[in-house]
Amino acid sequence: MYSVNVRDHFMIAHSFRGEVFGPAQRLHGATYVVDLELRRPELDADGVVVDIGLATEALRNVLGELNFRNLDDESAFTGRNTTTEFMARVIFDRVAARIAAGGLGAHASGLTSMRVCLHESHVAWAAYEHSL
Amino acid sequence: MYSVNVRDHFMIAHSFRGEVFGPAQRLHGATYVVDLELRRPELDADGVVVDIGLATEALRNVLGELNFRNLDDESAFTGRNTTTEFMARVIFDRVAARIAAGGLGAHASGLTSMRVCLHESHVAWAAYEHSL
Amino acid sequence: MYSVNVRDHFMIAHSFRGEVFGPAQRLHGATYVVDLELRRPELDADGVVVDIGLATEALRNVLGELNFRNLDDESAFTGRNTTTEFMARVIFDRVAARIAAGGLGAHASGLTSMRVCLHESHVAWAAYEHSL
Amino acid sequence: MYSVNVRDHFMIAHSFRGEVFGPAQRLHGATYVVDLELRRPELDADGVVVDIGLATEALRNVLGELNFRNLDDESAFTGRNTTTEFMARVIFDRVAARIAAGGLGAHASGLTSMRVCLHESHVAWAAYEHSL
Amino acid sequence: MYSVNVRDHFMIAHSFRGEVFGPAQRLHGATYVVDLELRRPELDADGVVVDIGLATEALRNVLGELNFRNLDDESAFTGRNTTTEFMARVIFDRVAARIAAGGLGAHASGLTSMRVCLHESHVAWAAYEHSL
Amino acid sequence: MYSVNVRDHFMIAHSFRGEVFGPAQRLHGATYVVDLELRRPELDADGVVVDIGLATEALRNVLGELNFRNLDDESAFTGRNTTTEFMARVIFDRVAARIAAGGLGAHASGLTSMRVCLHESHVAWAAYEHSL
């Protein structure tokens, strides 16, 4: 299995509901450094997993919809805790939709799985991975 | 599959037996920077993989039993080489026991697998992973 | 010159005022991974720059006053942009006050300078350094 | 499953053919920081996944065949784009051949899979993994 | 003293002349991950060292003149070894010229020194720093 | 000012004397990842700060004298606490002696200062720097 990873980041405010979160129930924020990993069993005719330029652009665009925002105000997340693992899934779904719509090029149809990992500090990260 | 990772470290002395270890047969030591990764297929009702506070505390407690010690003197490891990969398994088993005992909270019953990775330098690490 | 560095982090929400900040004028947030570096020309009688346990505790306490907060609501920062470089200075001043008050031990009087560096992402950081 | 990873690097020149590569069609170059991960379900009698000294030496030798070269001039790669993912496979195959030839010691027959990851910058990497 | 750092990278081919370089006399290449650090004694009226957006853009533009090129073919470097430390100085001079020309904004006149650091691998880097 | 840095590591056992060290008074150990930074105001005729091959070899040799040892048994350190900052100085002095003896080549006479930094974990490091 081959894989390619690109990295970018976004910065948001949010708060959590539930006693389990302790002081993180207050409005605070995070920098998320995001790794997007794309996988396929064989390389395409150009010898790549994916057009890395298009993958980088797709990640930047998906993160641009979230960057410099208060996630508590985003209607897409009403009633949900925007935890690191939840946001990994959100980004996974949004990138997957762009792949399905052809945004990573025709060859991206050969991609078989994807992993999105959000680093929230030097000591914690969360990820979501699934088949495509 | 979702995953969450927390990081901590411990510092120990030890020596190895066997010609394969060369100069590492002498008493020496290591800093191990430890990544504990917990996985489950769906998030719990709070939107998390695990209570990250409890996971961090469990890791700190497990590493506290090993930190600032000479592993050659620990009865638990008599007759064993406390290699990086062996210690990854030791930590896996001890954290798994805490999960089974409820130490990571009731929701931790949804965890399906775990990975423990010990970084011993900027050029080497070892890991153990298994289902829970 | 000797130096010792300890690392910790905090997570906050804030917004900026001024066109130069573009979309960062919106309420957003950041994880700041903080390096606290302490310097002195000669080691003390124990062979250290500072009691690293006390330095770690002092940094944790200073960051604890900021962690999981919306800096826009903190009276200490009214009318100021809480930029990364500004916050580096805030943390410098608060740690310096603890040193002056004896919080890092009597030997800390030998410290001659300090540097506080805040990493806000994998591509940007800011710092403040000064004599003590 | 246990795993051990060793890290090294090599520096090469190359160019790509195909419009998808844009300016990377020009002769340029890269530093590849290489992670070689070896896996097996149980440790050997010494308590290790593999003789880490032999694994490090095997990786250094394989990378030494590529280091400080223009890959466009290497007959082994004629007509191929030496992309990061392609080179991950090349290194996988060359290390696998050394394992099969006994270069990592007799106990290396217990290895069941391997992963080769090439970091090309702070924001991109590619990997190839397969059973042995 | 305050400082702000932004990071980017570029990928080039080159060769060196002189026995001291050994196999690096052959045509090879490198990824350089570049840290640009800007310093000033006091923050400007917005509370920043520099407009980080303009600094990031300036660095990207300077690196864009070098990226995906064979430095042996660049007339600017004829007769010179384009070592990591030499390239750090080249980038320093080019960014300094942009600052002098107003490319980092009017407030950038308050900058007093700059450091350019090029990371060529996980084990080596070189830098150039000077007053402005 | 130009600088060049090379990195290597060593692994040792030791213990500390003095209440300030708490549990670190027990025999334990550490991995030290070492950065050796060499500085000079102008490049030599080859366009380098130092022969990086000789610098790497000198660092490896100095660390080789310490690697895989119990520092409590080394006569050179009798009666001293081998703290991270103390060891940074030890390595500084030993590399400086090699420079003075010509071990980094004749051009190394142009070096004006040096810094040795020992990373003991992902959250702590210590350094010693001085003129040459």
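To keep things simple, chains are lettered A, B, C, D, E and F as they appear, and every chain counts its residues starting from 1.
Heads up, the rule we're going with is that contacts are C-beta pairs under 8 Å (C-beta built on N, C-alpha and C of every residue); 3 or more make two chains touch, one makes a residue touch a chain.
Each chain and its UniProt protein: A, B, C, D, E, F = 6-carboxy-5,6,7,8-tetrahydropterin synthase.
As the structure is a prediction and not an experimental result, all values here were calculated from the model.
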Same-residue or different-residue interface between chain A and chain D, half as cut-off: different
Selected pair, out of A-D, A-C or B-F, that shares over half of its residue contact pairs with C-E: A-D
Which of A-C and B-D has more C-beta pairs touching across its chains: A-C
Farthest chain (mean CA position) relative to chain B: E
Approximate Å spacing (C-alpha centroids) for the pair chain A, chain E: 31
Cα-centroid distance, chain A relative to chain F, in whole angstrom: 41
Gap in Å, rounded to a whole number, between the CA centres of chain E and chain D: 30
Junction residues of chain D, two or more chains touched: 7, 122-123
Residue numbers on chain E that touch chain F, as the complex places them: 18, 20-22, 80-86, 88-89, 122-130
Residue ranges of chain A in contact with chain C within the complex: 7, 9, 11-14, 23-24, 26-33, 67-70, 119-123
Chain E-touching residues of chain F, taken from the complex the two chains share: 1-8, 43, 46-49, 51-53, 105
